[in-house]
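Note that chain A is present in both complexes that follow, paired respectively with chain B and with chain C.
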Partner chain A sequence: MSLPPASGTGRFFAKAAKSIRLIRQGCTNRPFFHISVTQRRRLNSQPVIEQLGSYDPMPNINNEKLVALNLERIKYWLGKGAHVSPPVAEILGLSGFFPIHPRTYMTAWRNRRTERENLAKQLEAEKSKEAAA
Partner chain B sequence: MISQQSLLKRTWPMVVQCAEAHRKPRWVPVAKSKIYRIPKRPEVSEEERLELLRINNNYKTQMRAIRRFFHEEMIKEKSTKDSASSEMSLRLEAQEWERCVELNEKWNAQVALEREERRKQELIKMEEYALERMEAKDKELEERIKKASEQIRKQKEIAATFITPETLDAAIEHALANPVDYNFAIDLQGNQFLGRDTPIPQKNLDKKPPSV
Partner chain C sequence: MTLLFSKIAQNNIKTVITRNNDLQILTISYRKLSIVPSLYDGKEDPAPKFFSSNVQVLLKRLTRPDFNKVFRKRTNSGLAVLRTPKYKFLTNEELEAEILKANKKADVLLQMPPVVKVHQPVDDVLSKDPALVGYDSAKYLFTDITFGIANERRLIVERDPDGTLRHCGHDVRKRLNQTYFPIPGRKIKEPMMFTNEDRFNSLLDRQEYEFLLDRACLQYEPDEASYQRITSITYQHIDMNKSYDLLRSTRHFGPMTFYLTWHQSMDSLMLELLQSGAVREGVLLAALRQALLGDVANGDNAQALAQQILPTPIQLAKPERLTEEDIQLDNKCVECIEEYIVSNSAMKSQQELALQGFREHYQQLIELSRGLKKAHGNA
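So, the complex of A and B:
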């Protein structure tokens, strides 16, 4: 199946549910996503209604994950009642367009917890080593 | 089987459900080694659960408000667009149009002036170029004529010595009277001895060639 074009050829119905979601465009081992609006019941491999941005999840040389957003059109589609998929909601939350997504908070505090635990483990191991010596 | 034509001429979008390539087919049962495996449920502490619940409720409330805001804004924009066809806005639009036309004409006049100047310059340049080329052509032609006339003069000079039917006998006699011998001999020193019967000095022969 050929790739859907970057923008705009998907047929859609005015009253059907739309969704703003990530659509994978990269190749093997190189993910890259378009942020597109499609009909909600349609597959990601099918033509989209409109592309609203892009997201590159692989950090570049400056350790940045690049995101491009067309906020005007996102506003338009939200006004039309489009749904937003969780990953896109997270990105929009980090960009300051939405409130921060709960999952962002969750991953943050879980990461912090594991880091704390690892530190404690390290300290314990050092202490035991010293005691043994 | 669906024909290609009917596929291309369809008015409704095609909805195809295809399983992902890495999934096994629907009809393949659970693997024998995995029949009695019960996946472990994620453990979420009570504290975390309550916190997540609170955050999620907040988020949902905020999102609802945001959505409503965008929706209302869209409706407002639509209404302003609809009311744009009133008389006041029509007049304003006409004024704006006139202003635009004026500005456009001004720009056009300016561009026309510039274009006229440019055209003149271009014409002058073209004339100069043509004249230059014509002059160069004339020069070349003159040179060629000069060259040709020079050649003709030279040939005429030489023509006096040509052998004609009238002077043929004399030329033959002259040739017979003065035979020319082009034979020559050469020694190791590179000395030429013209003629077939020229005597060669004997001392030159006695000398041994220098061994190199």
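So, the complex of A and C:
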């Protein structure tokens, strides 16, 4: 199946609510997302209005995640009143285009907490080992 | 022994030395004698001088374009069978129009790769947010793929794992530009011929200079340090082997001449010009040096003479007949070069010898053409 053109093939109503969201395009075990604008009440499998970028969540050999954003078109659709889904809002926040999304801070904080807990557990395990020996 | 080594280094000959008693064979090739590349990274920026119309004209003229070489078939450009050439009968006006067209095409083919300063490293932090530490262990790279923005002005930023948002460095920018807007022929990973020293040196040894420089132009930007390093080594190798003719009629001759003149090492090029009897181009080279460095004795004279030389047709081969104007102009050129040799040259004796050889040859030519004129009865 060939990819739809970036300009999109989805039919849409001018006044219907739009949403900018991630649309999964990869295959099994290899996620890859298009950042697209669609009508809000449509499924992700249906043709989109326009593709606005892409997001590759798997780090490449240099340990980088690549995001492409067509900022001009994103601004256009935001001006038209398009909604932004939380994952896209997070990406835009990290890029400096939006303010950082609260969920990003939450994830960062939770990750730090888990790391701290893991460290503490490790230390305890070592201590108990020493005590046993 | 050290003296011997230095002499071998000068001559650049693969030499085998056999010692008298023990049969120890010592092979020295110039690939072991490393060339030190010099980049345009000093205080002075070469770009304004390189792009000034005066210097461009001089460099283009020094390229001495031979259309047989400029328009030669290099690839069959995707065709299975080469097209047969077309032959046409043309009137004089049509022929002139065709020649004009060919000149324009040649100008495009001979457009010189720019000579600019090495770029400065990018260090531009946009924001720091320590609350993002721990969000992800990978870097995020954001590329603005808005239509119609040039690669060098595209917005490309990265979010580091420590929460810093910054503009990307040049190498990352280049990689991302190539990912989203590929330039045909350019590779994301540097080709082995540039990274592997043995392969690079083998290309130099085989004198594949044009291939090397063409590929470097495609792979790198002109303000990259690696581009300037590669071209610098190549130019110096050409200079050492005096194989300037391989680069004549190509777009790389101008930047090479510029490089040699900028680093004040154009005397072997001057010698080659004198030995091949191209005194006019010798004057152009002196004028170029005056324009770039301004240290030529009586340099204004050379530049004025260059203005006289530029309208004359390019001499691809040694002339067989001479007109009186030619003789006058060439005599002026010889005088100008004499002054240059006395005051500026680093290879005085050799150049003087070459000039003397030219003078003798030229005298014969003058006598011949004057005699011919007399014989034809219009002297």
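A few remarks follow.
Heads up, the rule we're going with is that the second predicted complex is superposed on the first by the 126 of 133 C-alpha atoms of A that agree within 3 Å, B and C clash if a C-alpha of one lies under 4 Å from a C-alpha of the other, contacts with A are read in each partner's own complex, and residues count from 1 in each chain.
By our rule, contacts are C-beta pairs under 8 Å (C-beta built on N, C-alpha and C of every residue); 3 or more make two chains touch, one makes a residue touch a chain.
This one's a predicted model, so the numbers in the text were calculated from it and none came from an experiment.
Applying the stated contact rule after C-alpha superposition, one finds that A:Y105 touches each of chain B and chain C.
Once the two complexes are laid over each other on the shared chain, residue contacts for A:R30 go to neither chain B nor chain C.
Judged by the touch definition given at the top, the superposed model places A:K127 against neither chain B nor chain C. With both structures placed on the common chain, the touch criterion links A:K65 to chain C but leaves chain B unconnected.
Chain A has more of its residues touched by C than by the other of chain B and chain C.
With both structures placed on the common chain, the touch criterion links A:L78 to chain B but leaves chain C unconnected. Residues 100, 105 of chain A contact both chain B in one complex and chain C in the other.
Those residues of chain A that touch chain B in the complex are listed here as 1, 10-11, 41-43, 46, 75-76, 78-81, 98-102, 105-106. Note for the complex: chain A touches chain C at residues 53, 59, 62-73, 91, 94-96, 100, 104-105, 107-109, 111-112, 115.
Residues of chain B touching chain A in their complex: 13, 15-18, 52, 55-56, 58-59, 62-63, 66-67, 70-71, 73-74.
Interface of chain C with chain A (complex): residues 126-127, 129, 131-147, 155, 157-159, 165, 176, 179-180.
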